[in-house]
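Letters are used for the chains, namely A, B, C and D, taken in the order the chains are written, and counting of residues starts over at 1 for each.
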Amino acid sequence: MSELKGFTPPLSATGRSSLVPEPPWHYSGDLLTIEYRTDPDRVIELLPDPLEPSDDPGAVAVLFADWQSCRDDGQEQLDPVRSQYKEAFIVVGATYRGRPASRCVFIWVDKDFALLRGWIQGYPKKLGSIWMTRPVTVGKAGPRLEPGGVLAATVAAYDRRLIEARVKLERITDSMGSVNAHPMHHTRLFPSVDSSAPPALDELVMLRSLAFERTDVWEGEPELTFFQSPTEEFHLLEPREMLRGYYTSVGFTFGQGEVLEDHRVEG
Amino acid sequence: MSELKGFTPPLSATGRSSLVPEPPWHYSGDLLTIEYRTDPDRVIELLPDPLEPSDDPGAVAVLFADWQSCRDDGQEQLDPVRSQYKEAFIVVGATYRGRPASRCVFIWVDKDFALLRGWIQGYPKKLGSIWMTRPVTVGKAGPRLEPGGVLAATVAAYDRRLIEARVKLERITDSMGSVNAHPMHHTRLFPSVDSSAPPALDELVMLRSLAFERTDVWEGEPELTFFQSPTEEFHLLEPREMLRGYYTSVGFTFGQGEVLEDHRVEG
Amino acid sequence: MSELKGFTPPLSATGRSSLVPEPPWHYSGDLLTIEYRTDPDRVIELLPDPLEPSDDPGAVAVLFADWQSCRDDGQEQLDPVRSQYKEAFIVVGATYRGRPASRCVFIWVDKDFALLRGWIQGYPKKLGSIWMTRPVTVGKAGPRLEPGGVLAATVAAYDRRLIEARVKLERITDSMGSVNAHPMHHTRLFPSVDSSAPPALDELVMLRSLAFERTDVWEGEPELTFFQSPTEEFHLLEPREMLRGYYTSVGFTFGQGEVLEDHRVEG
Amino acid sequence: MSELKGFTPPLSATGRSSLVPEPPWHYSGDLLTIEYRTDPDRVIELLPDPLEPSDDPGAVAVLFADWQSCRDDGQEQLDPVRSQYKEAFIVVGATYRGRPASRCVFIWVDKDFALLRGWIQGYPKKLGSIWMTRPVTVGKAGPRLEPGGVLAATVAAYDRRLIEARVKLERITDSMGSVNAHPMHHTRLFPSVDSSAPPALDELVMLRSLAFERTDVWEGEPELTFFQSPTEEFHLLEPREMLRGYYTSVGFTFGQGEVLEDHRVEG
């Protein structure tokens, strides 16, 4: 019989059909970050053992990103429908073995390749519709990157608006915020095909990005509105105290993750 | 710390956020099947060890389905955007330990919950845009389920038309075709987060459906057109000899799969 | 120079590029209707001179439809993405010159050909995302057309859920409701390219359908939920008293409308 | 009865429901232009009386644009799903009464408000899926605006890829090309509701933009691939000789058009 190839299914004789190719995966895009504080208990209940609360246990970041991504040969850049995607995600802080950690607890994205790449990294991705203002340098149909410029972003899923965010720019700063600043600590859980058995995959992993670059970071006053959905629980992280908003363009490469703990129970 | 719940991510304190709930999953829908023969070598190169060719090794089925699905409590039926989806898929035959087997080698679907359910079952799903004629009983804007009625279906992905299919109905028959008639034998492959390590999951599984029901099956003359895409290889299964087309409505429940072989290599 | 052809733009030497072909347009589909009463003043303020209130001036119908449509040669039936579309619309009653009239005041549809056909007929169409339960005859993933079966439908636009509707079936009846039962009386208003000038087109038209067919009509108990959107006003027609819900499959042909009054002011 | 308000349907007591508000409409976005020559007869057959061929009668421009747009109060900027859209269009040259003219002969856009604004201006818009590379300043997932950077764009409609375009950047230049440089001369044709009558609207109009701004224009080597579709004829304008490609960001305001000739025949 044949040797099937492919980093992910569909497998084939060449591996060319794979939905996601082997890393490295390169990213360039724009990032809008809003930080706030919620009820710490709502964050703590989203941290699995052995993650412990951060020293600011109610801190949350909501991020919106408008990406281009590609593999080393950059082929997706010549077919932008395969390179561009948008996502919205919610990150909380934690501590792992005494070291600060970040963890994405909810995320929506608008392309299948990004959905699967996320699941490989332990991002709990669902599909959504994400929109994000682009700053402009000519014309009247967009904000400038200058004090007073307002950037807006929204995410919806299953025909329901979920989150609306706005940041009114004030000044260039040297921080992108702190909640999303640490290595991501995610749970990769994948069910068994026999649903009476324990999960086939249940591991705590840590991700690191390489070759991170960014432009100037703009800081400003944030606004955030959460709506409810029968299939979502992000609204339990409702804001109690707004902190700051940030906008910047970033570039990085994802190459490797590390399995910190394997929680699989042998069936 | 907390006990996180959920059959799939996102995990939460309640499990309500999961993209996919625990089975059983119930399905009702319409199914258009086209069977044909291609170069047997193109099928054989898609069969991993220890699957062996079927006794009709070049036989292929292309299927289009327009589904409603729900969990036991049927909640998705009250929000049809969460219940309805369409898919197109390509199935080949094989033999496993001397028993006839079916295997889905390429598949496209239009909702995220169906994408993840498929991956749990070893269907190599990508997102696509699927359209399928519905027979009608009044008016002039659709075929009747009667001799001469023509049913059409198409699938596209990443803004490219991939497959067009048509079946001209002839008669009611008692078969739905043979290629997709056997238990599905799928490879569940999921990469490690450390791409230098072997896959975290690599198993051969078998699926069985329960409580299968169907309406009359209509049989007819099929037509099939394949287009090329830089990211797809289904066109290697190009038709050499057309067989038959079938149309029917079906209902079934998926509950359990079985792990036949664990091919994981310890890293 | 050349003679450009086409029932609608884009015009070309052959007319084949037209977004919408010349009528007749044939329709077959499923129709869910919910009737209720709202504040009559909210209906009356949507009736232009010389339309007058109906004898049940607060009566409103919300309808959801899942269509196939085609021209005489039926070519769209062989490419279902060009034949199928869904729509949701709100109809009120009126009186014109003493005769009962129906008028569509808000409508959303999910394909461009249906959007333009609607504008030609005076339907004030916007794009939306419409979903509608399909009754099934096998399996557990859908209601049966029988007492107790529940049909649901939703419409969203610009990533916001607008309307949710449900009908719990009770019995076969001989009416499809009364609000949408009369000839449609619509305003065809199209702006001048010089926005300081009066509209280029401002006429009251009446539409009639031909060759109407239907299956049995099921009647039942309706539920209706309206949500708000910054760009919509349908919620002003909020229910005060629910009437009945209806489900049926229909077929008809649109061929001709009639201009009742030309309200154009010469610029 | 009431005074219905609205620049376009749906009309209401406030006018707030209109799909398109009264101009001015402000635009800011990125524009990729590819110029080439085709068979002049294919262009000439798309020019209605009294438009005459340009002095370079086979010259054609294919343009891709990624826009934000808003009304004077800029409200769409706070809800980017209502502000952002993409379009692809084909422009030819002509002469009107001895003066150079531009004319859009085919165009696809991805939002309903842009579709209707286009029809008001005589752009023969259909819906499509448009994608366009964005240049980046950080990371590896996009070209830089520098010699050798490659920008790509595609358009699809009804699940079929229609056009692929690429421009390899060479240098900053002072031209955006010539085919699209003149006032747009469009035919506003709108059918009668009585399809046996002549069109209700048939006029030749001229559009002018105000307050035009642009960034540097990059010029480079273009590539263009046309695909066929059963409902499109743009492929008749196939390239015989490639000219140049251009990339720039632009801003402008549309306020007013002018009716040059009314070709309506009284029914």
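Just so we're on the same page, a residue touches a chain if its C-beta (ideal position, glycine included) is under 8 Å from a C-beta of that chain, and two chains touch if they have at least 3 such contacts.
Keep in mind that what you see is a predicted model, and the values were worked out from it rather than measured.
Enquirer: Per the definition at the top, count C-beta pairs in contact and tell me whether A-C or A-D has more.
Expert: Spelling it out, more C-beta pairs touch across A-D than across the other pair.
Enquirer: Among B-C, C-D or B-D, where does the A-B interface recur, judging by over half of the contact pairs matching in residue number?
Expert: C-D
Enquirer: Through what angle, to the nearest 5 degrees, does chain B rotate to match chain C on its C-alpha atoms?
Expert: Rotation angle, to the nearest 5: 180 degrees.
Enquirer: Mind checking the centre-to-centre distance between chain A and chain D? Centres are C-alpha means, answer in whole Å.
Expert: 35
Enquirer: Roughly how many whole angstrom separate the Cα centroids of chain C and chain D?
Expert: About 30 Å separates the centre of chain C from that of chain D.
Enquirer: Could you tell me the distance, in whole angstrom, between the mean C-alpha positions of chain A and chain C?
Expert: 40
Enquirer: Using the touch rule from the top of the page, what residues of chain D touch 2 or more other chains?
Expert: 79, 81, 129, 131, 154, 159
Enquirer: If you connect every pair of chains that touch, what shape comes out? Choose line, ring, star, complete or other.
Expert: Graph shape here is complete: every pair of chains touches.
Enquirer: State the interface residues of chain D toward chain C in the complex, per the touch definition above.
Expert: Contacts found on chain D: 1-2, 4, 6-14, 16-17, 19-20, 22-23, 44-52, 75, 79, 81-82, 105-107, 111-112, 115, 119-122, 124-127, 158-159, 187-196, 200-201, 203, 205, 207, 230-233, 255-259.
Enquirer: Show which residues of chain D lie in contact with chain A when the two form their complex.
Expert: Answer in residue numbers: 26-29, 67-70, 74, 77-81, 83-84, 129, 131-134, 136-143, 150, 152-154, 164, 166, 211, 213-215, 249-253.
Enquirer: Spell out the residues on chain A that touch chain C in their complex, using ranges where they run on.
Expert: 129, 131, 154, 156, 159-161
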